[in-house]
């Protein structure tokens, strides 16, 4: 059965994700419509992957609408522009790292129009998207997820984590754990640097030991010790994610003193280092706080 | 050239480490002397691995003395008992998770007697010791390390990280990073549990994503979600290690608000949950603080 | 000119505040209507102070409606019940320790009906209310405030702090500073207790020195050292206030690692000690975390 | 009975404290010897207050030796220089904001020479010293304190808080509570500033309310809002005091996540703002972390 998919937002993640959809619909006789705020990017995507660049109003033809935008605010904007125009029975899958309360509000709004909503943020980075191996954490109705599972061509792993908003909550917590692990490693390395320890040697044993985490294994050796801090994911967006996690904690009346502190430290890093820097540059604030470089 | 090694302290780590030494000296025509506070354990070790159980005073015959004791205080005690009796030219290798300032003091004291000192704590747990694959982080004179490298039969990886005390400093930071990563994951999971998210599903995506760390990959699934908290390493010792890391931070005039906060939270866990519980039981305090179980 | 005032919510604060209004309108020839969820309390207030106990629908006669309820949620409920029934030109003054975003939403809703809104939380406790010396922090239109200044009979000090929501924001920050100061003092005293210091002596010098704050001067000597923890303000409400402050921080994209940590610690105290305990009992969690009593 | 007092260290605090001693001994027929690392200052003190400027070796004539130096390290230095030369039966009163473990070591060393030791740090600032109203917190033998109580001419209040080291511990905790209260107030004001609240108005209600503390009542209005940050007490010394408090917490196996966090934040402020700035300038780091000024 041929399907029409639409993808809104061709950023660092959206571009390769939509490419996976286009390959998939090409194979299965369907269509992939792509829209981007700047039209040129959509045209380029169409040329490269065989998707169809369209105006926003044309995505109403889709069976499934994917969105992958900076924040829930941009998702609100496109939903407003499409309000009342989507097909009844369509499914909106938001892959943005969004806010759980926005998901609940958006799902309720779409439900009134007969459109289902899944919050389905992804993990794995641009390389995972290109490889089609992203992990997708899905909140919403499990039956709706089953109906679209075959469309998630960019996914290596799809996990249903709970009701509407649960996907966003898990994504925010995941990113904040990464943020905590990176910051703590930065603190530890800065202290060791001040005592004259060789940081490459220290990281080697940490990564052979129990202190290891994703940031000690990849981010810090590749981005910080090299002093390159190459921009792939903006610090301001990670600060936003940590803020979403703080909101999850607050709304759940949970107690998370470490996550809450770290959310504020990343906000400080965004103010001091710059929200547009790579997220690994948060450790530049750790360096300033310690009067030392992590290298 | 046949060597005489001595090993002081046959605890959970020391027992298999000394076994590796005994196998090694058996093959190379040397001897491994073992001493333990309770003699029975040393006798049993000798029977099982061909080491020689001895009184403390007999370890003065050794070329290399290894110690692996609960804290630097116990190392001070045995050093005092052996003061002035060790061979000139001997090397003392302390594998305890000790304090950097104790290392500097002990090294200075031994140097006056012509004995070299290396702080050489290990990472990898009892299983790594049994497999002979421990990571060893060594502080002290690099030339001294070269002279004994062949004796480190329990090691899979030996890394020279800096001057005397640097090994202890790196070990304390490593363990504290693990402690931070575990605590933060506990906070995040507790918050998610309060919102109704399935924690097994959440951990599955976190471990496929950037939030992963040693505790999310092994400790929490195996010890916490199962509600087993099996005792392999005491919470009180981890709280001690985090305290050593806090001391490293302070002595270096470093700034590490997250490590310092977490050091105090583990001390709180030791007071509330019990210093004798398994270290994974620290998350029981997180559970109490959140009125929820992580399961 | 005689005025009709209404007061909604006769709790520990509302009761004496409404009493001040009743005295004032008695002197000036006006009326004070009082409403409470349980009618008996309103009847008792009328008997004691000459106010008039009314059904909720009757407060529509008022020129000024005061509310003083547990949270913004209860304020939403009474506003909904009165929607469209209030006099055009009336002013709603909410003395609840509410949420800034609720204030903005409520003000916008009332404005559509021609009713002005001021968020005007108070500080000074039941004793300040009885003495008519409360400090009132007001957010909203300064001209509206001038029009009702004469009605604020319970106030010793009225300060206009900013636009709608600013009053609630300042109140939340004020209460959270008190929460931080109390918690930190508890930590310091617990550490000193563990070293054998006499805590009465320590507090004496702290209160003669720079470490002093409202909690060290009054709360801790009167409520904690005495082991009485008398209930005057619920811990759960202080945890809510600290949560509002955390929301202020997040919404402002501010960085406040200490306030955020402490908000989570009070939430933990509410879970472990009980939300219904006196707020000073938060230090019972500090005591548990330290294995010592502050006495 | 005439007494010979000696005072070592004529800094911002020592200068007026020694002046009080000189007035006192002038009245009672005794002598006050003063020593300073730079002799000129001692000569000036002698000219102004009738004290006697002396070489360090001459203080051995004193019945009571007061020291008031930057840290315990400088006290160690002068004690070493005077070792074995002090009168038996003399009392050394160290008014430095020192380390408890240094006090215990120093007391033990002096005791072997027949000299008693009291740790007796002071609170109240240069103005309190000039007025003779300092609060003195004393650790050590109560009987020794009684013997010198009449010599403490700079004191308005003398409180015996515990055994040797307890005075230093209480002082460190006192200063760290001040540091916490100031930092938290800075965070709260920065968040309010970002929402457009008038900070003078906010402080007015906080100081009329429960959020008040010494920093909100004096330091912030006088030093921060004015943008003056006049140097009276170095930020680096406050960071040192907070570090001593962190050491007290660690040595006592206490749990103080807020004090530990704040100790690291002040260390960060010393690195970023400069250890030589006034301690109120710590809030400049809060400002940077928030991208806003507190004014």
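Observations on the model:
Just so it is clear, A, B, C and D label the chains in written order, and each chain counts residues from 1 on its own.
In this section, contacts are C-beta pairs under 8 Å (C-beta built on N, C-alpha and C of every residue); 3 or more make two chains touch, one makes a residue touch a chain.
These numbers were taken from a predicted model, which means no experiment stands behind them.
When the C-beta contacts at B-D and at A-B are tallied, the pair with the greater total is A-B. Centroid distances from chain D, each centroid being the mean of CA atoms, peak for A. Spacing of chain B relative to chain D, judged by their CA centroids, is 39 angstrom. For the pair chain A and chain B, the distance between mean C-alpha positions equals 37 Å. The set of chain A residues touching two or more other chains comprises 249, 253-257, 259, 261, 265, 267-268, 271, 289-290.
Of all the residues in chain B, the ones that touch chain C in their complex are 257, 261, 267-268, 271-272, 288-291. Across the complex, chain A meets chain C through its residues 243, 246-247, 249-250, 253-257, 259-261, 263-265, 267-268, 270-271. Chain D makes touch with chain C in their complex at residues 100, 123-125, 135-137, 156-157, 159-163, 165-166, 169-170, 173-178, 180-181, 183-185, 187-192, 194-198, 201-202, 204-206, 208-214, 216, 245, 248-249, 251-259, 261-262, 265, 289-290, 292.
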